[in-house]
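Take a look at these structures.
In the two complexes below, subunit A is the common chain; its partner is subunit B in one and subunit C in the other.
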Partner chain A sequence: MIRFTQIASFALSLLVALALIGLWHFVASARLVPPIFLPLPEKTFDALVTGMQNGVLLDASLATLRRMFFGWFLACLAGISLGALVGSSQKLRIYVAPMLETLRPLPASSLIPLFIAVIGLSEGMILGVIAFGALWPLLLATTHGIVSVEPLLIEVAQALAMPKHKVLWKISLPSAMPDILAAMRLSLTVSLILAVVCEMLTGSEGLGQWLLATSRAFASTKMFAGIVVLGLMGYASSLIMNLVEARALKWKSAAN
Partner chain B sequence: MSTAMPAQISLADVDVSFGSKTVLSGLNFEVFKGEVISIVGASGCGKTTSLRLLAGLLAPSGGSVSFEGKPVRGPRRETAIVFQDYGKALLPWRTAEGNVSLALEVMGVPGPERRSRISELLALTGLAGHHDKYPAQMSGGMQQRLQIARALAQDPAVLLMDEPFGALDAMTRQSLQDELLDLSARTGVTIYFVTHDLEEAIYLSDRIIGLLPNPGRIGRIFDVPLPRPRDQLITKEDRSFLALRHELYDFVKGSEH
Partner chain C sequence: MSARKPDFRPFAVPLGLVLLWEALMLAFPTASETLAPPHAVILGFFGIVTDGTLALQTAQTLSSALGGLAIGFTLGSLLGAAFGLWRWFDRAMQISVESVRLIPSVALIPLSMMVFGFGTRMEITIVAFTTQWPAMVLARAAVREVEPRLMEVATVLQMSLLQSATKIVLPSILPRLFVSLRLTAGVAMIVAITVEVAANPYGLGAAILAAQISFRPEVMLATLIWTGVVGAGINQVLLTTQNRLFRHSLPGGGGSE
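Moving on to the complex of A and B:
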């Protein structure tokens, strides 16, 4: 029964995607939008295959993927450890909360010039921008998750005379896991956006630069191929996060 | 209990106050090794507070609490707590095995030894074969058994139980009562049992401390003259059971005025 509904919903979602591509085909072939702005889907697909085969689009995609992943990884490390620190100490929360609330709303992209000035135009700068922009959801979620641990569990830990770092490791962090995983998903999207923005601004090889260059050259099939790759990256990362969540939060679905 | 025996836990002139409010006043009693001692009284008279004192989770404002002759300065391995709210006291992300393991991990028991201890404890609490279940997959009775298994993993000398069966249905409660008595007979662990159920207090205990409210203080300590092993039907039909029930009822009712 479950299998059947899973297959059915997958078929339906495929149908929706095909219908959208059909609509795209219709709009493009009827020339409702000039082909220089909207190419045919099949031509886009050709450009995608060519770009992957000759390696130019493939290299650009891998470069973006690498930045997204490493930037996100840094954000996870920094966000979760800072969040654990801030969540565990009420004093620290009082001291740093106003500063964090001032930094948080700053768009990470607005800090790119500052990052360039301080770090220079390097790969490290790009990773820094991505990590800075993507760490906020993690920092907030981890802090929140740790602050809202069931108080009785803390009492259980006290009754066992558990040292503080063990309470964090064995009780607070696992209990904050659902929040943290949701934030990891959010941060992954932010990382992809920032990777592309940084590539556009710095001209480093990647999909951002590819999009900018192809659009300036009115090479719309290539540009669309780049957009399709970005979309697929987003989709794939969301699928991977689904798998990770299903594994890490097995206990949540076990109840039903 | 013979008074010649040294007390396992003793409270001397213990006061507890939160701010200007005195919650417990002038508590003096002793708990002896291996006995089952219950604590009853109107709600708000400090039953749970007394348990937290014994656990070392709370320091007295005056007087002293000592365990085997030494002052209690904080939680210790020898005293384990079983909380009323089993649903919240278990780690939902750990299986039955993992929950018992928590106590063993804290004590630094090495991995291979841990596994055999866990199996032993789950079997002892009637949870053999449920190793891999998450708390959410277990009934209330099973969850409370699991909490008891985790408490026993500490290898405690004293089990402090805070209305542990209060939220269970009547049948489950009775079987857990019998299992607890069996456990106390087999292991000799001392049990300090907070309850508002007077029959439960009599059925389980050797002695019952009756607390009076405002501020919480000891009204009377009742001896339970019923023989062991006890039986849900026979014990509860015993004349002295009924007489004690009457006495306790009058005591608690009278304290509410």
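Moving on to the complex of A and C:
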């Protein structure tokens, strides 16, 4: 019964999505919006297929995907380890936590000019911007997750005379996992945005540069194809994070 | 010295970093084309304050961010409330909403630029598009958690949709709606700055980039720091208002820590 309603609601929402694409087709073909601003859906799809087949759009997408992933990976490494460090030392927290909280609202994109000034227009600069920008949510979430570990668990560990690194590895990090995973999802979104912005600014091959170049040439079907690819990337990374979350937090739902 | 007075400890590290920065710039003066020492940044800040450029750029960024926020927050909250009230509507729209919501906001910059050209309107459009999604998610969650008995009361009293919306739903979600406003205001600032850095020759974001390109590192850093201060200031004002108005109705003081 539950299965049936699930399938029915999925089918319904798929139907609505198809109907909306139909509406898009109608609006575009009736020229309610100039075709340069809203190309036909089937022409967008053609541009997408052509771009993927001749490799130009494919290469741009792969370049963006690579930057997003490596920058995010660096951010995860640095953010989680720094967060674990700050979270497990109260002394360190007194000194740096207020500073970190103050820096958090600063938009990562506003730091791009500073990174360009210091590192120059290079691939390393782009990775640096992504890693630095995506690091904040992870750093703060890991710190918060470790600070708010159930005190009873820590007392048990102390009674068992567990060494500090074992407490971190076996108790603090696992119980901070929900916070960390939520931050990993947010960081992935930040990474994709920063990758695209950096490509727009530096002109390096990638979807950001693709979007800017196609819009300047008023090649709107190609531009829409790029937007669709970016939307798919956003959707796919969200689905992957859903799977990772479901698997990594299985122990938690089983315990309740 | 600072270790004995606990109140000053949070300032020790930032102060140390600023002094180190000043010392390094003194030791390596060749870096001054790309970076500026703290004292030059302070002078640069007074320069852009007195000639009025900073005020103009701040006004440009704020008008785009707040204008976009007003549109995006209103649309998103209404949509979220509708999704929260009618589950079937939420389910029916799920694939459509998710596939549009997860498009990175910056992907729409070139499209918006084609339609509106440079300036406020293209920026407002992107800010509105981006802020509506978190506003939608938070309003939906808030409406779903309205006490079911209150909704039963509305049914028993045979209230019309408008009546139950204004007399039952709105008052009970108001505190959480304000939290949502504060969070989406942060998003609005970030998006506005990002659009300005990426494409729009306008506001604080573009000023930071322009100062870097024209080798005025002291202006770049002063504007950068000011951007952070403006963002933190908006958050602080909204947080204070939130604590004053809704302290008793939000769990855990509503994230006052």
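One rule holds for everything that comes next: the second predicted complex is superposed on the first by the 247 of 256 C-alpha atoms of A that agree within 3 Å, B and C clash if a C-alpha of one lies under 4 Å from a C-alpha of the other, contacts with A are read in each partner's own complex, and residues count from 1 in each chain.
Keep this in mind: a contact is a pair of C-beta atoms (placed from the backbone, for glycine too) under 8 Å apart; a residue touches a chain by one contact, two chains touch by 3 or more.
Note that this is a predicted model, so its numbers are computed, not measured.
In the model built by aligning both structures on subunit A, subunit B fits alongside subunit C without clashing.
When subunit B and subunit C are set side by side, the one touching more residues of subunit A is C.
When the two complexes are overlaid on their common chain A, residue A:Lys170 makes contact with subunit B while staying clear of subunit C.
In the superposition on chain A, A:Asn54 contacts neither subunit B nor subunit C. In the superposition on chain A, contact is made by A:Leu103 with subunit C only, not with subunit B.
Taking every C-alpha atom of subunit B against every C-alpha atom of subunit C, the smallest gap after superposition is 21 Å.
Residues 9-10, 12-14, 16-17, 20, 36-37, 94-99, 102-103, 105-114, 116-118, 189, 192-193, 196-197, 200-201, 207-208, 211-212, 214-216, 218, 220, 223-224, 226-227, 230-231, 233-235, 238 of subunit A are the ones touching subunit C in the complex. By the touch rule above, subunit B contacts subunit A in their complex via residues 55, 57, 74-77, 80-81, 83, 85, 88-89, 91-95, 102-103, 105-106, 134, 136-137, 154.
Looking at the complex, you find that subunit C touches subunit A at residues 6, 9-10, 12-14, 34-35, 88, 91-96, 98-100, 102-111, 113-115, 186, 189-190, 193-194, 197-199, 204-205, 208-209, 211-213, 217, 220-221, 224, 227-228, 231-232, 235.
If you check the complex, the residues on subunit A that touch subunit B are 150, 152-153, 155-156, 158-162, 166, 170-171, 174-175, 177, 249, 251-252, 254-255.
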